[in-house]
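I'd like to ask you about the structure that follows.
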Amino acid sequence: MTLWRWAECTRDELKAVLPDGIVVLPIGATEQHGPHLATGTDALLSGTVAERAALASSASSARDLVLAPCLAFGASDHHLSFGGTLSLGAETMTAVLTDLGRSIVEDGGRRLVIVNGHGGNRGVCHAAAAALSARHGLVVAIVHYWELLSAPGDGTPVPGHAGEFETAMVLAVRPELVRERGRRPAVPPESTVEGVDLHDAGAWRRIDGYTDEPERANETRGKAWLEECVTELTGRLVELGSAL
Amino acid sequence: MTLWRWAECTRDELKAVLPDGIVVLPIGATEQHGPHLATGTDALLSGTVAERAALASSASSARDLVLAPCLAFGASDHHLSFGGTLSLGAETMTAVLTDLGRSIVEDGGRRLVIVNGHGGNRGVCHAAAAALSARHGLVVAIVHYWELLSAPGDGTPVPGHAGEFETAMVLAVRPELVRERGRRPAVPPESTVEGVDLHDAGAWRRIDGYTDEPERANETRGKAWLEECVTELTGRLVELGSAL
Amino acid sequence: MTLWRWAECTRDELKAVLPDGIVVLPIGATEQHGPHLATGTDALLSGTVAERAALASSASSARDLVLAPCLAFGASDHHLSFGGTLSLGAETMTAVLTDLGRSIVEDGGRRLVIVNGHGGNRGVCHAAAAALSARHGLVVAIVHYWELLSAPGDGTPVPGHAGEFETAMVLAVRPELVRERGRRPAVPPESTVEGVDLHDAGAWRRIDGYTDEPERANETRGKAWLEECVTELTGRLVELGSAL
Amino acid sequence: MTLWRWAECTRDELKAVLPDGIVVLPIGATEQHGPHLATGTDALLSGTVAERAALASSASSARDLVLAPCLAFGASDHHLSFGGTLSLGAETMTAVLTDLGRSIVEDGGRRLVIVNGHGGNRGVCHAAAAALSARHGLVVAIVHYWELLSAPGDGTPVPGHAGEFETAMVLAVRPELVRERGRRPAVPPESTVEGVDLHDAGAWRRIDGYTDEPERANETRGKAWLEECVTELTGRLVELGSAL
Amino acid sequence: MTLWRWAECTRDELKAVLPDGIVVLPIGATEQHGPHLATGTDALLSGTVAERAALASSASSARDLVLAPCLAFGASDHHLSFGGTLSLGAETMTAVLTDLGRSIVEDGGRRLVIVNGHGGNRGVCHAAAAALSARHGLVVAIVHYWELLSAPGDGTPVPGHAGEFETAMVLAVRPELVRERGRRPAVPPESTVEGVDLHDAGAWRRIDGYTDEPERANETRGKAWLEECVTELTGRLVELGSAL
Amino acid sequence: MTLWRWAECTRDELKAVLPDGIVVLPIGATEQHGPHLATGTDALLSGTVAERAALASSASSARDLVLAPCLAFGASDHHLSFGGTLSLGAETMTAVLTDLGRSIVEDGGRRLVIVNGHGGNRGVCHAAAAALSARHGLVVAIVHYWELLSAPGDGTPVPGHAGEFETAMVLAVRPELVRERGRRPAVPPESTVEGVDLHDAGAWRRIDGYTDEPERANETRGKAWLEECVTELTGRLVELGSAL
């Protein structure tokens, strides 16, 4: 089928496509990514992966795809103290996603795929999706794009935050957004407990706001990761075209 | 150290314990669990697992544990259409968790472990934890108790909803809450796409509100699962006592 | 008729009972009760009175009764500064009661009796009940359980807060939750003006968070009060079974 | 001391008076009052009683009084279906009172007396007062003006709604706002249960939106009631001037 | 046609008039107006202009007019630091207007004219009107009364805040609400950029909370301005009676 | 000085620039623009004008400029019924702007210029700016970009909605987003009353969702208008660099 870009379509084109199509909404964040990486990283990466995958899958998908504008802001209150962060509170971000989903339903749409690029959006995506499905009958699929990757053999954290993985991905997409990377100073080891989701604003401070060594990142690996993300999401979108 | 039950303590006992202790808050739901299982299942199971693990871990934990009253209501709007459901909307449930966390901070506490028993609470737990950590400096850990289990060898969905797993667990804890189970009628296979989190209220109706065969459940397996959940959570609480 | 416990019933049992039945929802608080009384007092007492009365009245009631899980948290912001308090803000507590009532209506129910055990919940009960009745057609009855008592001859404040009355009631129900009570230090007389409802957080501090002498409390009087509360509420529930 | 009318004072006058003074805020409603009585009744009556009492008490009060503008709108969702009603939802009305109280604190004030003229405002007054006292340290007193009356010997409901009492009061204040009153048609007896606060929107419809016989009302009795309300509130304001 | 005052009408009179009539709602503020002017200025002026114009236009209007009670409180957070201000937050004020508009629709009304007397209410008027029109089909017209005036030849700011214009208007309506006016001390010139709407709380402090010279105000000019406002609004109401 | 693009900067670059710089935030909408124009028109135009003006003014501005990512969604509930619209409710949009402004303050910023491209955002811009200024001390300037134009001599409505002006502007920026334009069918003349801001969802339907003749639009005129908008905004940004 076809890829439509919402913002470039007229209302009548969208009215024709939405009832049987799938809306793809990339969301990210604008927040501190250490001293070396641009604050727009998350929106850049989810937007890039979503766009490429939507384009790649449209030919073989059983449904038309409609790519909505990327939402560049996310739930980033935990990064505010570092500077450079534009955050929507959890309540506001939930309301934004709920309002956008409700709009899609009023416009005739029935299926939404959120392609998320920011770990801090996990909760609000889930909460909004549950509300939209229960209240408006919208079918909502959530993909955190990095979860489609196979685990790196050398233990690199994926996605981490502003560490090797994200730095490499940005090197692959827009290398000019990566600043010179010195050697990361030693930081106390992060507390993790398996199977437990930890929220600790203080921990972010102790590691200076990024999780692992950006200096290890290189463009080659970034391109491979990017390729894999796009390929995997492409496959998922095709599957969703049949499943939903 | 010691296990304290919040509701049974005086303010002065809590003032002494909270600054260095860990609050454990079990949360569940009161919602339809098919024609055969009690609506209070999720609160019963998270409450039971949390209490037993808190008790078991208190001796070897490096911190006192304070067990808060179980919150019996959760974000269950997607089950309202089946009857028997007492739901808090996603926005309300987020506010409840946020207010409780804020209270803990005003009371002198610094660490909260939410033991969750309801899949529908995932998003609101995460959203509230992020807000509490960023706004009030509370360290929040979230455990969805079933995620601590090793995967069953025969592919039984864990936790599913009101299927073999939960039915077996209730048989292990309060068997009188399981009604006679006929053979589950054939249902259309559930749509799933790997790595994608799907929210589809219509899908719940197509499978009559429960995911797999409750008639396969037996008490023996339930007791083993329960035991494993308690043991694993006990270990996590001990780890958290050192890590936080 | 019959007493059903919501959390122990299946959805189908509740679907059958709710249209002609009455839901009884006990609500309390988890908040400081002086240096001598457990923080769970209010939930314990409203839960106990509600459960006993529901059981006692079910035989003679013209309608089935459905006992919902006790909500252990209430609007207790005015007790936060003392420690030991888990409070829902007034706005959140109103939303919780409104969401629960709306759920009952979606589940097929038409009648709700809130049995309240915490003075600070008065306003939110009333506000939520008015909203539920107007917006969803739910009939809501509110009982503050202590208001059913005849006035004690010796002027003991009922319920007061953590004074003789509540201490005696806890002695009657779970005496181990009452700590040793020294003699209450003299406190400045409370400002009261007849017919005026006074809200003064500072006044709570001046009286150290409890209103009168817990050392006067004894189990005998507590049992008599408890009995009277249960008997009176039993009668009210029977009356409501005919009136609603 | 002196009576100041907030709206007629300058900021500097108010800055001088508020720290030691008492703010008196009359609130009412604009809602259906049967076929015979003006919709502005509640605001008219609370405004009149508050103003007269504030004036009468100012001479002997130990504190200056500051009369705020009457809030003519209240929580009247339960009267919307009759027409003629301008209602604020319970959540909005709570926010209004909370914002006004917060303003008073920022302006230097410490004491607020709400003189309420509408039964439907009970809950929101209480909820907002609790929040203001706990969050901002404002001392809030609530008076429902009719509760200061001694019970009429003949059982006339006070205040009822748009029945004999309110009709007589309006006859005493602005008789042109009472339309011709035919004989009230027989209505089914109202369900009441002693000690239980019942919220039933359907009950309002069964009695056509007013509680008892307006045709019994006369100006003489209205003037006596009005006089008693003013006298009693005057006394309370004097008492509050000493107590707060 | 006829002018009806909402608060003085019965529900049945309003039910008859609202479907074809126009509701006129004056809104103002209660906020600091410098050292010389009463805090109730904005509500006084919008209420006065609205009432006189409604009366004047009713004879020639093609529709009945229904004058709602004046809302004396507005969005004045930016004046709180000066004292004497009773403010509703922007969110609360939006909710108030939305609830009042929704009530009008439930009462059978279809047309609302908001006559606004406070610059700080611009945004909330517009936001609420957009919501009411889209959600409830209410037609909402907003008039900021001073915008109907022709520009004064001598550059007097209209309306300014508590400067010559408003002071003159109050001199025309209730001269006793204007205190003695000394010579305004020199203030730094206000930053303005043409076509740009500037919000700067600090700027209010730099000019001591009022914009221009109240000592220039006189009653004669005030009466002329008032007359022009009333005449212009009268004309607009007549036009709206035909246009809506 | 320099133009910085927020999303392309690191946190440390932003920390250095924000205290003395000015943040420029373009906002638009994604909503129906008739049968002929892309739904992304408003965001495209405000984004384009803001970016070009920010670039042009940076050299001569006394302050650094920081261009935030364009917010592509706005308050468009009134366009939902036409299809193709992604709307944030007025309350949500107010919260988004308030959260973004609060973030800027926490990041060290003090000055924000909102460049708005959608008439429906007027109210929420104003409401959020007032709140941000009063609560957080942020100086907020709002520019509706089309208001900087001199009035066209031939009476073309500016901006109208999806009529000649916006169509011409899109022809100038991205002509492929304009579909074939037939002759606009005759529509009833729009009701307007001078000096009155009318909100009427029904009126939008009567004119099929656009205000005037798109077929009159041509690229030449669009380029001239665009140029003038950019030039004027450039001047305003320079002025603001000195004034704020």
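All chains are identified by letter, namely A, B, C, D, E and F, in their written order; residue positions are counted from 1 within each chain.
Criterion: contacts are C-beta pairs under 8 Å (C-beta built on N, C-alpha and C of every residue); 3 or more make two chains touch, one makes a residue touch a chain.
Keep in mind that this is a model prediction, so the values were computed, not measured.
Student: So which chains are sitting against chain A and chain F at once?
Tutor: Under the touch definition, chain A and chain F have no mutual neighbours whatsoever.
Student: Which contact partners do chain C and chain D have in common?
Tutor: Touching chain C as well as chain D, we find no chain at all.
Student: With over half of the numbers shared counting as same, classify the chain B/chain C interface as same or different.
Tutor: Chain B vs chain C: same; shared/all numbers exceeds half.
Student: For A-F, which listed pair, B-C, A-B or C-D, repeats its interface with over half of the contact pairs the same?
Tutor: Repeat of the A-F interface: B-C.
Student: Indicate the whole-number Å distance between the mean C-alpha point of chain A and the mean C-alpha point of chain C.
Tutor: 46
Student: Report the inter-chain centroid distance for chain E and chain F in whole angstrom, where each centroid is the mean of the CA atoms.
Tutor: Inter-chain centre distance comes to 27 Å.
Student: Where in chain B do residues touch two or more other chains at once?
Tutor: 80, 89, 91, 95 - these are the residues of chain B that touch more than one other chain.
Student: Taking the contact definition as given, in what order do you meet the chains if you travel the ring from chain A through chain F?
Tutor: With chain A as the starting chain and chain F following, the sequence is A, F, E, D, C, B.
Student: Enumerate the contact residues on chain A facing chain B in the complex.
Tutor: Listed in rising order, the residues of chain A that touch chain B are 75, 77-78, 80, 89-91, 94-95, 113, 120, 122-135, 137, 139-143, 147-148, 191-202, 232, 236, 239-240, 243-244.
Student: Per the contact definition, I'd like the list of chain E residues that touch chain D in the complex.
Tutor: For chain E paired with chain D, touching residues are 6-15, 18, 30, 32-40, 43-44, 68-73, 80-89, 91-92, 95-96, 99-100, 103-104, 106-108, 177, 179, 209.
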